[in-house]
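First chain written, first letter: the chains are A, B, C and D, and each begins at residue 1.
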Amino acid sequence: MSFPELAGQLAEVGLQFYQRGWALGTSGNFSAVVNRDPLRLAITSSGVDKATIAVGDIVEIDDRGKVVAGSGRPSAEASIHLAIVQARRTGAVLHTHSIWSTILSDAATGDGLALEGYEMLKGLDGVGTHEHREWLPILENTQDWAAAAPRIEAMLSRQPNAHGFLIRRHGLYTWGRNLAEAKRHVEALEFLFEVMGRKET
Amino acid sequence: MSFPELAGQLAEVGLQFYQRGWALGTSGNFSAVVNRDPLRLAITSSGVDKATIAVGDIVEIDDRGKVVAGSGRPSAEASIHLAIVQARRTGAVLHTHSIWSTILSDAATGDGLALEGYEMLKGLDGVGTHEHREWLPILENTQDWAAAAPRIEAMLSRQPNAHGFLIRRHGLYTWGRNLAEAKRHVEALEFLFEVMGRKET
Amino acid sequence: MSFPELAGQLAEVGLQFYQRGWALGTSGNFSAVVNRDPLRLAITSSGVDKATIAVGDIVEIDDRGKVVAGSGRPSAEASIHLAIVQARRTGAVLHTHSIWSTILSDAATGDGLALEGYEMLKGLDGVGTHEHREWLPILENTQDWAAAAPRIEAMLSRQPNAHGFLIRRHGLYTWGRNLAEAKRHVEALEFLFEVMGRKET
Amino acid sequence: MSFPELAGQLAEVGLQFYQRGWALGTSGNFSAVVNRDPLRLAITSSGVDKATIAVGDIVEIDDRGKVVAGSGRPSAEASIHLAIVQARRTGAVLHTHSIWSTILSDAATGDGLALEGYEMLKGLDGVGTHEHREWLPILENTQDWAAAAPRIEAMLSRQPNAHGFLIRRHGLYTWGRNLAEAKRHVEALEFLFEVMGRKET
């Protein structure tokens, strides 16, 4: 799919997540692979308000984060997107910043969150039964994601089966072969976060 | 009503439930009787994302689950729909997968959930007073609903007055003489789940 | 205002409350005074699904509940609306059936609910400061509101300053000089119910 | 930007906040600077129902609160808006009246609320890291904001870094260089209130 088409779809996803309260203000960022080799990624610009996100708020970057089309700086978390796309060979990466992912990532005492025994887990690619244990690693938050890229790569390598991960008090990263699958992963995981969060209160 | 008309109405219900958060991702499935004898059921295809559900995502099946119109596989839970339609002679069956039905079906220690003394119970067909006790059986979850059909049929036979049932950590099944009545049952029951769930937390 | 105009406005309010989850299924009913002398009231028909409420779902009744325009039976709770309109000389009466009014009316141990010290109380007609104590009587639920009319009249007479009342496990009644004021009262009271309910959990 | 343009944008923000439940009934009020010298402020009229707010519900006032364009009385809280605009030289001031700001402003035992360590804090102007401690002062509620203006000015002067403040059991005031920034501040702070509120229950 072309960069303009993917940019339109990313903007649409952004508006929908904004409506649900999963990307208020400038929070959240979203990307999709335009080309594999050489790698070209459509990604939300830095500081874009998701209430009014539009096609012009998406830029195209290369594998080093350099803008090759569109205007604006790529999201400060572009290096996370690039690390995921290279480690998992996915087609889209979505980062939401919801109430429940913020609360659960904060409350979890260990270095991850387990989701187990729920039918909704079947919303995750390759999971065919509720008898599945999904382990979502939790990374500590930072403001220097370029420096943290090796930490993310190591985690993705250690956890080859994880469908996503949390950043402490910051939210969720998940991905999929295409944008529709990544969006389905967001919905399944956010649903499970809300179930877990409401159970514990 | 014709298959295309019912398919359109099922898709519309799916979108509305998606908006309310009762059928996120590919969760939830919905059916309506096209013809009684021989039995023909319009039902959501397997794996359809409810965010974008449309007429083409509904297939028509016979009483053994074989597709006779439309393209796609019927939902993996088609045998539950067929069991209900045959046991109750209803016109529509709706399965939602909400936060509160997931939580309550998990928290209930016995094999069912009682709803009693609420005005909203009058939203259920044939219930004329709040002084009613609705007993919703809870079934254990499985991934082989074809094999579980006898278990569902036995439960429906043992509980002739139940307007629905829960599947553990999976959600609600309810039905009605037509799609509007089944939808009203979903709304009344989901309302009561939320009341019960919030009271207990 | 004419009956058709008021019917249109009542249907619109019904749809909005349905969207907020304050009138799911067939719950909730709404009325507005068409004429004072002789009394003519536009009121929602019995059993109308608020998801699809339209002008044709509103009937016009006289002071004894007899339908004088439109087709359908008036709501089973028409006698409550008539009692309020006659005791308070209001222009509109709205009954919502929300999660929080259901929970609070159930949890309150006495015969009423006090709301005190909140700025939102100024949303109620004639209240000019947050230093106000609103006492909402709670009536026990029944299915024979015609027989209960004297009980409602006595309560309205004893509580001349109340802007509404609750029915146990059933919801809220409030009113206003016109439909806009009654709707504002619903919003102010439902807001305060949610604040009170969330504080207590 | 001209008064009519700003009035249209303020009405639009009002409708959006109404939809989210942050400005139910007549609660909430909003302003934007039309001109700096002499000061001219576009501000919501007193008693406007946010469900139906439109351009005609916005008036233009001078630095003493006198209406210079449009019809209607300015909000009773105009003196708060004027105090903020003069102390901070901001372009827009937004006051929301949400469930969670009401609960948190009531529950806080001291004279303020601390928000610390959350990524969402970066939604606030000038905050570049989650390692930030935002202190929101809490003022006691009153019905005489003209008399309270010195109290507000003193607080704004004592807390030069605060991006907003709470009024007890009444809601949030925040501001920004323009309306978009002020709205982003509302979203970031309301998000954090909900996280804090849900954690504590």
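What we mean here is this: a residue touches a chain if its C-beta (ideal position, glycine included) is under 8 Å from a C-beta of that chain, and two chains touch if they have at least 3 such contacts.
Note that the structure is a prediction, hence the values are computed from the model and not measured.
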| Turning angle required so that chain A lies on chain D, C-alpha fit (0 to 180°, nearest 5) | 90
| Is the contact between copies chain A and chain B built from the same residues on both sides or from different ones, judged by whether over half of the numbers are shared? | different
| note | Note: chain C sits from chain B at a C-alpha centroid distance in Å of 32
| said: Show the residues in chain B shared as contacts by 2 or more other chains, in ascending order. | reply: 201
| Taking chains as nodes and touches as edges, what kind of graph is this: line, ring, star, complete or other? | ring
| According to the definition of touch, which chains form touching pairs? | A-B, A-D, B-C, C-D
| task | In the complex, go through chain C and note every residue touching chain B. | result | 21, 24-27, 49, 51-52, 97, 99, 102-103, 106-107, 141, 143, 167, 169-171, 197, 201
| said: If we count contacts the way the header does, which residues on chain D are in touch with chain A in the complex? | reply: 16, 117-120, 122-123, 128-131, 180, 183-185, 187-188, 190-191, 194-195, 198-199, 201
